[in-house]
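After this come two complexes, each holding chain A, first together with chain B and then together with chain C.
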Partner chain A sequence: MRHATSRRIGPIGFRIGSDWRAPVALLDALYADYPVPTVADATVRLTATRPWRRRVRPAIALGGDLMLPDAAPLPLEHGLLAAEMAMNLQVALGHRRHLLLHAAAAERDGRCVILTGESGAGKSTLSALLMAAGWRFLGDEFVLIDLASGMARPFPRLVSLKNESVAELARRMPGARFGPVLQGTPKGTIRHLVPDARAVAAMDVPATPALLLFPRFGAARAVRRVDEGEAFVRLTQASTNYALLGEAGFDALTRLVTRVPARAIDYADSDEGVTLVEDLWCAL
Partner chain B sequence: MLRGPGEAAFVLRPLGALTALYHRPSATTHLLAPPAPEILRALAGGEMTEAALLAALARDYDLADPDPAALAARVEELVAAGLVERA
Partner chain C sequence: MRAIERLTELLAHPTGPVPDDAWTALLCVARAEQLSGALAHRLAGVAVPAPVAPLLAEARGAAAEQRRAALFEAEMARRALAPLGVPVLLLKGTAYVAAGLSAGRGRAIGDLDVLVPREALGAVEAALRAAGWRDVKDDGYDDAYYRRWMHELPPLVHPARDRLIDVHHTILPPTARIAPDAAALVAGAVPLRDGLFVLSPEDMVVHAALHLLADGDLAGGLRNLFDIDRLLREFADADEDFWLKLTARVAEHGAGAPVARAARLAHALFGTPVPGEWRAPAPGDGVFRRRLLARDDWGREDRAATRLAFYVRSHAIRMPPALLARHLAIKGWKRWRGRRGKDRARS
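What follows is the complex of A and B.
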């Protein structure tokens, strides 16, 4: 590749190559405090969809060790998003060392809350707000459950803020570092937030899962107990590698849902969401 | 005759009112409601007829009013899921 960089995020080392300098330069700037891996577990390639598309209306094809044949190309101005999507794709399709949950997580006193739900449920925003409130940010995309210990391994990649959250977090975290505002992406306006120094420094320190939440943004405040069977089903759906892990995944997931209380929470706005998480945490 | 997976072929984990089952030969997960786990436990010891299965369940789980039709329906569900075979 013409341009390349390497970074380790939690236990996963990435090598990212690109036909263009700009996405790699942005990654180097935003991931400046992350270590360079000794071994790259996953390779990401940002290549032109056709040779001439490197210069003429540049369009990025997402590639790497593993690919989705129908992944739509992105314009070069969305290069950072393309890199993040391609990194996530490699993890979702290729990672086998942990049970992967599509979830956000934050730690306090060695224990963590795991927030899982569909895109738009508020995982990224809530986890960023918890970080702003003093929690240690563990990740906003994947929580990695150790198959032997059941501990949650951090994967503190850039926080992907969308639409209304972009302005809200910029207002609430004036000292934080952000990537460029990316408008007109398939998910609307996106801006990446760099996790704080504490999250990066402690990214090899796991946490014990203590609370499992299924948030839903935009509804009146409500809390509902989620029983073990429902939590199990919802988490099999939230995991990209549960079926691939076989019995090890079954053991890890059944242990998680039998040991960790689960709640579905509805919240109307961000303040209410953070208050709900804090209230439920204090009630443990 | 009904034939279920042997004891070494599956793992059961109670999850509240339901039970998660991992079936090793097929590497699949099933979420079961009573009396499906009890049927599989009873069949793990060896083949038996539906009448013998009903008697075993009535004895082991203190069923007040064993219903052969209801049991047959649950067995049929396990057959459809590939967990029990009719020998």
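What follows is the complex of A and C.
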């Protein structure tokens, strides 16, 4: 590979190779405070879709140890997004040392709230705002549940902000570091936010799950209890490796839903969302 | 040294030295060749750097899960087919784990491959469909092609478990130059405790060698060659007459050339103990070796010209030229029509 870098995010080491300098330079700048792994778990490759597409209308083919067969190529301007997508995919398809939940999480006093839901539910925005409000950011894409202890391991990759939250978070977090604004991506406008120094420094410190939330953005404020059975089923859908882990996955998920209270929350705007999370947290 | 060469050396000699900075590429290449589970098993109990240990444990865990799923799938097929009273032989990875062979240790297993007597094909297919298996794709030409020219039924999928089954009636396409004796494969089958069967040791080696060298373009072939290494070692250890029996059996199937080449390649790449008379190098071995090791340290296939040559060869050995021309013409036309259809839909 012409250009390469390595970074460790939480317990997962990545090796990223690229035909172009730009995506690697951007990763090096934004992940500057993250450690370099001695051995990478996963390899990611950003290569030209055809040899000439390195220079002419450069197009990135996502590659790596594991890949979906029909991943669409991205233009070079979206190189950072390509890298993040490919890195996420290695975790989603390959990581088995923990139960993976497609979720965001934030920690306070050693305990954490886990927010899970479909894309658009507000995971990234809420976890970034909780970080701004003094919580320790654990991640906005995956929460890794330790199969033996049930603790949540942080995976504090760059926060992927989309569409309306791009401008809102820039306004609310003037001191924060951001990546470039990526317009016209398959997911709309995207901008990456660098987690604060505390989140990066403590990325090997796990937290005890204490509250499980299923947020839904855009509806009037409402809170509903979610029983163990429903939480279990929803989390099997939110986990990319539940089935792969077999019995160990079942045990970890059962323990999580029987020990941690769960609520479905609806919120109309992000202020309300943060207030709701704080209220529920204080009522624990 | 290329990571892929290091991988073959480490599979043969797990205690060999590995520089600390070689592990990332080694694990990447092992994953790409579907050999990470096998490597992790070979390295069990060997001192490795601290960050490597959990990755190997993870690979062993993944292989254990694949083993469990493969055996479960075999049991589902057994239940569906038991009333027919025909012998059902497990093939490849599922056979290795079901028979408790060392080739199954850490092996990646995808589809379920079984072999049944040709005359039972219709009943087997009907029983599988009755038990929930369905067509993977609805394509008249592919379906007809499989049934007319292939050594297996079109693949069937069980939607609830999302697992494929390939039902074979022999181990090479009937159009190939070599015609193994399918009835002898069934007659020589070894029963397992649950009523399923596996091939005899000699036939297992013949099948592995034909699968690697007489069918397909050797993509992912390193894993298949490592199977052969494991099988040869285990069978020769258990039976001092194994090589004699293999020689006789290979002649019955007319599979002398591919089995001999497989043994030589296994000896060359994995140090498989092979009798002297099997070891004399033959022209072409170097090209096969070059093809098997065609992967760079980032896990990408390289040596494009060599791979292309083997791709062309895979078609040439699969069927006679006229049939091949007809097949490629139909495939090409369908593809072109498919693309045009897509373009039209787009515009």
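FYI, the second predicted complex is superposed on the first by the 284 of 284 C-alpha atoms of A that agree within 3 Å, B and C clash if a C-alpha of one lies under 4 Å from a C-alpha of the other, contacts with A are read in each partner's own complex, and residues count from 1 in each chain.
Convention: contacts are C-beta pairs under 8 Å (C-beta built on N, C-alpha and C of every residue); 3 or more make two chains touch, one makes a residue touch a chain.
None of the values given here were measured: they were computed from a predicted structure.
Between chain B and chain C, C contacts the larger number of chain A residues.
By the touch criterion defined above, A:Glu228 lies against chain B but remains apart from chain C after alignment on the C-alpha atoms of chain A. Shared-chain residue A:Thr258: touches chain B; no touch with chain C. In the superposition on chain A, A:Arg96 makes contact with chain C only, not with chain B.
In the superposition on chain A, A:Glu272 makes contact with neither chain B nor chain C.
Look at A:Asp33: by the touch rule set out above, it reaches neither chain B nor chain C.
Within the superposed three-chain model, A:Gly246 lies in touch with chain B and with chain C [touch as defined at top]. Of the two partner chains, chain B is the only one touched by A:Thr236; chain C is not.
Of the two partner chains, neither chain B nor chain C is touched by A:Glu164.
When the two complexes are superposed on chain A, the residues of chain A that touch both chain B and chain C are 246. Those residues of chain A whose C-beta lies close enough to touch chain B in the complex are 227-229, 232-233, 236, 243, 246-247, 250, 254, 257-258.
If you check the complex, the residues on chain B that touch chain A are 11, 13, 15-18, 20, 22, 24, 27, 29, 31. On chain A, the positions that touch chain C within their shared complex are 1, 6, 13, 15, 17, 37-41, 43, 45, 47, 63-66, 94-97, 244-246, 248. Those residues of chain C that touch chain A in the shared complex are 20, 23-24, 27-28, 31-32, 49, 51-52, 54-55, 57-58, 61-62, 65, 68, 298-300.
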